[in-house]
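You will see chain A twice below: alongside chain B first, and alongside chain C after that.
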Partner chain A sequence: MRRSVILSIGVCCVFGVSGIGSGQQLSGRDIALKVHDSNKSAAGIVLKGQMVLKNLKSGSSESRSVVALSVRNGGLSKSLFRFTDSSYSGTTFLTLERSGSDNLQYLYLRSVGSPRQIEGSNREDSFVDTDLSNEDLGGSRVDDYNYKRLPDQNIGGKECYVLERYPKSTSSNYSKHIVIIDRATMLPLSVKSYGRSGRVVKTMRSGQFQKVGGAIYVPMYMKVVDIEKKHETLLRVKNAVEKQINRGYFNRNRLNMRWAEQ
Partner chain B sequence: MKTRLTILAALCLTVFLAAVSPVSAEESSTGISVDGNIEARNQSGVHHGEVYRNYLKADLNFGKNFGNTVVKVTLRAEDDTIRPEDNDTDTQHLNEKDYLRSDETGPRRAYLREAYISHDIYFDSIIDSINLKMGRIIYTWGNSDEVKPVDIINPQDYSNLYFTLIQERKYGVFSGSMSIFFTENFFLEGVVIPEFRPSEIASNVFVQREIREASAAGSTINNPNEPDAENQENSYAGRLGLTLFDIDMHVNYYYGYDHLPAYEMEVVTLFPAITTAITPVYRQVQMVGFDFQRALFLGISIRGEGAYYERGKYFKYSNESPGGNPLLSPSPLAIDLSAGGNGSVEKDYIEYTVGFDDNDFIFDDLYVNVQYHQQIILDYEEGLEKEQYVNMILWNVRYYMFNKKFCISTRGAYDTGDKSVYGNAEIMVKLADNFEFMVGGWMVEGRRDTLIGQFDYYDMVYVAGRLTF
Partner chain C sequence: MYDRLLSLFSALYKKPLAVSLCGLIITALFSIAIPYIKFDNDVKNFLPQAHPHRAAHNRLDDVFGSSEIIIIGVESKNAFSKETVSYIKWITGEIEALNKDFPVQNISRELGLTREEAQKLIAAINENELLGKQALKSLLESPERLSEELFWDAGFAKKIAEKVSRISIDELLNMYRLPVDEVKSVINTDYIRGEGDRFVVEKLIDPDKVDAAAVAAMKNKVGSWDMYRGLLFSGDGTLTAMAVQLNPIDINLRQKLDLAIEKIIKENPRGGLKIYLAGEPVLSDRISSSMGSDLQRLLPFVLLVMLVILILMFRHYEGVLLPMIAIIFSVIWTMGTMVVLGIPMSMVSISVPTVLSAVASAYGIHFMTHYFMSRARSRLEGVMDSMKESGLAIIIAGLTTVAGFGSLVTSDMTHIKKFGIITAIGVFYSLAISITLIPAFLALRKNEKPLLSFMKKEQGGSDYSLRILMFIQKHLGPRPRIVFGAGILLLCISVAGITRLEVDMNSMDFFQEGSDMKVADNRLNEQLAGTQRLNINLETTDGSEVITPAVLEKVEQFQKDITKKFAIAGKAVSVNDYLKKMNQEMHGGDGQHFRLPENVQMTRDYLLLYSGDIDNMISKKKDKLRIHISLHREKMDELRKVRDYAAEYFDSNFRRENKVAVHSTGFMDMMVEANILVLDGQLKSLIFSLLVVTLLIFMVFRNLRLTLVGLIPLVLGITMNFGVMGFFNIPLNAATALVAAISIGIGIDYSVHFISQFRNSSARFTDVDTALRNTYEGTGRAILSNVASVAAGFLVLMFSQFPIIQQCGGLIAFTVCTTGIGAIILIPAALKMIQYVEEKIKVSKAG
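Our next item is the complex of A and B:
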């Protein structure tokens, strides 16, 4: 399904050094840039957690272990996401951010044995059978959207920015997204994605923000619900640390190898 | 008996681990991660029972980290009725079903499929990291799918032909490798392989036509002349990887033993009938290859790979008489043998595969992969058994439904030259996150004297289950 919640942070892009200002004069795009540049680490971030996929119609659920690595180098992020059990064990997703052009993304499947480059128009596709899209895993760029800032809100005691953003691509499955961003951490609290019909088709909520290392915050849980498919993906982070990561991991030629952090 | 007990013990251990590990791949208190899979499969012929295969396999993967050093071990236990019983290994001559088997013989076996120690040294400089690896390793080179001209480092098990996927057919080879990663866009890899392991062709079902014919003609099939026995030399491989203009590419090089043999023939008797002896000989080949992939637009990606063999590829002369009467016009094979040749000739050789795939072809979740494969014998001479050009179209189409819980698929190949084809249709149901159930069939069509068509009567259906833990 060519759908996405467009989390901005993605699962793996929740890292970085925050430079948070007062924000009253910031435009929507400025805020999006701040989110993009926040919570990133030059050393690296390692997340370990559990992903639960739930069919809301039948009530059946499946659980998988995941590991995510991320690092920022020269202002550009690289991220890796891997399932470490279930029939998808070893499935690995690599995103390489680039300036001025689409991010490069690769999917490695153990059964194939070599990484496959993901085409840009597949960004809204689901990552294997989850409700996360390839874009959620780091494939989106700030310039892929037009932004409109809405009045700030106080949600659960948190001061929040509220953005509306519109995909520039005419082939997008979404007409707009409403993103609520926690000003203190610059992490999205929720995202509502509207289909072409104007109805909400997908939602994302995250919470339990935890400080990792210096000024880096990580959401310890995130839930994505595909309303039309009646399916949800819940990611619970059990362990998040900032540490020096081997940058060689982010080369597509070694997606088949085990990581020391695994 | 001992092998059977080993297999049973391995399978019992695997089932036990699967049963007691609700959270699979979870690290134990010793930090060793365990995961794996169990597969059971039955293949049955639809004509006269030519195909009969019961297959039970268990893979156990162990992983352990020691800082930047990683150890990985994959144990495989198999009970596979398609593999011949290990009866004749001490004899000098082989029967047709035993033809070309390795040390891991017999229908029941447990072996170390892959095991290596990997160590990383990483830097904060232009070199991101250096990886050193040693052990029994399975390599995956190239960017095409089932027919991979540059993916030649590992020997394979062809007992079930191409009906088993290439990643499952491979055996690990004892080797050492060093990879240097320069940023995410450039890397170098060197591999040294100080052992020789042949690919296996031995099969109770899929006996190659030329072996059947040689056997029927009274030819003697000698034990293979393996490098281990005489002149073992290291094999070497290297590749350079680069991403340029969003094109991922590698230049590949291999100098070492071919895992499939060339055939040396000699005349044993002239009267009362001509009989020959055939000795499989493993030659050293030198290959230079290139592979690439690039995502284009609308979800379409192109990928391909090609290999040029500068030496080591031998092609057999035809034993068909041009005039139909071997006494009046002897076959090219007879001419070569009578001139003191061994029935084959070395030629430069090229093969390549190119194609495209799309994950959402026309509509969502329809994966389409079409590839074109060509083999070319350079400096071709009339009288060779193999055509100068072999052209094939390969396909792999899958349609996922219900959040990838259900999949219908087809894959296969069509030889445009001799108009032969093998194709598969399969239905896969994912009954649980870690359990897949498959029902399908294989159809083979073509003339009996062709590479694919020789198995024309081997159409089959199968049912299989795979549990991952």
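Our next item is the complex of A and C:
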């Protein structure tokens, strides 16, 4: 079964349930699978926050309100992401995890009126105009990478796993990623993505992990910086709750409907 | 005034050892600097830093990505083949590997670090570059912080801090920066496809799965979207192009990269594939790299020519050796000064050593001639006699030449301005060396001054040059009006030629027909939409979105009109091409919907939806868009018409109504601007140099009529130069624009020397003919010798591998000859005409 791995973005780390075991014998791939299975909720998780896109060269920035919903069903995740204000208000992104095949991703645009299945040969492409990639929003899978576990580190008082993962595809934009995972929450604290030149081209940092519901942790802020383009996307979660979510939302034909959680 | 100067020189010549040592030390110091000389022929650097088009180019390239692109053309019987795609994949990998290794090589070489140490430093910069330059510098120069924050070993941290503190942060970042931003080709070009509710942005071909079926699918995709034709593939499907987009890096590092790419291609030929390398960075860097070898070939050649001339003139080792030392020292001092002042060797300044060799030889020849002519037996007295006889004329001639070359600083074209500065300095050095070091070296010797055989000829008057001069005086002397009439006729013919003169400076002018660069550029221009790029940038003045229907419709119409109106405009591409394709694919691939989206929201959403890379066409904030125009290589005048048409198309009404500003950028745009600067600079420097030279001659002669007479050969020589250029289709460019100023600088000396000698002769002989004969015997011969030596020096440039340098050398030699011969023929005729007029006035007054 091909399973998605959600290492590089906090938003997606809320999908699922935690299952942290003894870390000493785990291989890099085992840890990746654990992260994938952690912090997911069968009931559902609702996040509300603000996304700030900033041009680090000019200093100009743009702010958008976002709402994200996620739910775990039968071991597979479903997630929704919507801009609720600005000129992109109503733009909605749906990811449906599938077993045995690629995840499905749909984008709803108000002006177009009907959702479009987004099928890019490159999941590393940007998600709309942010610094997040489609892969960050659930497009990648554990088996897309080879893993190497590096010595654990203590960072800011947190015991962390350190993984190096290498894309299997030779046409990937990245040569490797170094991922630091907080052992206590199984949330990634930091991801450094290295370009084909061997340099860090993108970084992700998250923090202020907050417990939501039973054993689910959510990062209350996450910052992705595109070093080459000198552009950053800051996602600040204002409100995170575990609650029962209407499963009907996760339907490609209902992406235009208003959510009670908005 | 000059007496005071002479007493100063006298004091100087009495301490020859000190003066000689000073000269040798200065020469040694400048010699050390010479290896650090840089070569720069980047089109961007033709314009001053603050030039509005350069500023716009830099600002907008920062938004849309660099316009510096190397084009690699891969030609075969069928470009849609597995072999072609495999080669592209291979060469992309090679360039990426080179790109990755380049900063490591540069930093380890320049800072004296091992590769591992350089890699560690690069990683540290990489992780902290967003801190900003100053914060990064402060971190890298602090061993304590490097140890604490990066966990480096104390010894290594200290070593790096020391090395980094020796260079500026800009130099370090320049070495650190990756030279290649992206290699775009068929293996990573986006294709948009819609199937039902699916919207797919994919690559034309997956480089990991190259088989017959994938190649056939790629061919279908390419055929389905016209945007690829002429940019990615030739119309006949035999050639595909790769674009290596460069980051803005130091010009010398870029040259090394270009050479490395060229080496990889040449050393790895593939059967059935022809590879072409083109693009402005490659052209300008090839010019720079070839200039070094050109200089190495031409400089010894010009020195050899000077050596032969000096041997023929003096036939004595002192007469040969000392002017040669003056020439060599002048060149060393000047090239050393170029390094000190940060003036690079360019397509313009490549002629500096030749110019200085020719000019410095003149001062040395004049000084040594009068030294040997002195009847004193003591060397010191001989030196002083020479200074008394010729010193003032040499100094005035030197200063007028400095003024002539210095007039080029009025040009706004950077390389011409810098050429003006450095040659003015160089001529001053030549002058200083000729009147300080040559005398000092002579005075060092204790034995008696030699008496040369040619001295006897001075009295005998039987050498060839004097025979020519006497012939001129005999046949032309009595016919001043005919001479003058002939001069005016030549002037009129030349003016007719000037009307045909064109301004055309193009990188390709540096290459001979049949050279690999010309073959590649021609082939790519034949097969593709053009190798020259012009960008038209539209940006809103209030920061709002530029993607309104009114603006996009205008852009759409412009793209159609410009390619229809100008055959050289091979392709115009903008974000519209993607929007139209997306609209079509969002409507199930229906060709009816290959049009712009209906409203702003839809446009905005399409851009949001598109996950591929269109950052080079629309800014992330959507307040700026760029139209890319590919142009075939043509005369600059034609290219300028395209650029001006583009600027006028988006007229003031459109700009005001839509609150947009329009800027043209790109290499072609800067080349057009450089051409404008060449023409403006030519006019300005011509007027300025004539004014300064007139003023200087007037200060010397204190006689308006003599001053004007002195200008006659110059005016005729310069006019004939431009006339010849017009008749022989030699365009005005960065090199040929120098001819006038150089010729004024050199040619004025002939007038100064001739009139100066004539005034001395007139004091002794009341009859004009006798005074003129005396002038011919004295300075006339020196002028002829000087014309021969200077013209021979510049003719050496005809052996340059660059056609425009050849033209420049030939034209200077021609103009030096016309001004020199003009001085000998026209000045006497003018003087006689003045005498004739004066006599007429006297007669009429008496009557």
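Please note the rule applied: the second predicted complex is superposed on the first by the 248 of 262 C-alpha atoms of A that agree within 3 Å, B and C clash if a C-alpha of one lies under 4 Å from a C-alpha of the other, contacts with A are read in each partner's own complex, and residues count from 1 in each chain.
Criterion: contacts are C-beta pairs under 8 Å (C-beta built on N, C-alpha and C of every residue); 3 or more make two chains touch, one makes a residue touch a chain.
These figures come from a predicted structure and were not determined experimentally.
When both complexes are overlaid on chain A, chain B and chain C end up clashing with each other. Once the two complexes are overlaid on the shared chain, A:D129 sits against chain B and chain C alike. Shared-chain residue A:S169: touches chain C; no touch with chain B. By the document's definition of touching, of the two partners only chain C reaches A:R196; chain B does not.
Judged by the touch definition given at the top, the superposed model places A:V225 against chain C, while chain B stays out of reach.
By the touch criterion defined above, A:K238 lies against neither chain B nor chain C after alignment on the C-alpha atoms of chain A. In the superposition on chain A, contact is made by A:R258 with chain B only, not with chain C. In the superposition on chain A, A:T91 makes contact with chain C only, not with chain B.
Of the two partner chains placed by superposition, chain B and chain C are both touched by A:I118.
Once the two complexes are laid over each other on the shared chain, residue contacts for A:E62 go to chain B and to chain C alike.
For chain C, the stretch among 20-28, 146-154, 560-568 or 614-622 that collides with chain B in the superposed model is 614-622. Comparing the two complexes, residues 53, 55, 62, 87, 110-112, 114, 116-122, 125, 128-129, 229, 231, 252 of chain A contact chain B in one case and chain C in the other. Residues of chain B touching chain A in their complex: 23-26, 33, 35, 37, 63, 65, 67-70, 72, 118, 120, 122, 124, 128-131, 140-143, 145, 165-167, 179, 181, 183-185, 187, 189, 241, 243, 246, 248, 293-301, 359-360, 364-365, 403-405, 430, 432-436, 466, 468-469. Those residues of chain A lying in contact with chain C across their complex are 53, 55-57, 60, 62, 87-88, 91, 107, 109-112, 114-122, 125-129, 134, 169-171, 196-200, 225, 227, 229-231, 252.
Contact residues of chain A toward chain B in the complex are 1-2, 53, 55, 62-65, 78, 84-87, 89, 96, 101, 104, 110-114, 116-122, 125, 128-129, 229, 231, 246-254, 256-260, 262. Residues 62, 96, 99-100, 122-123, 126-127, 129-130, 178, 187-188, 194, 197-203, 206-208, 586, 597, 599, 601-602, 604-605, 607-609, 611-613, 615, 620-621 of chain C are the ones that touch chain A when the two sit in their complex.
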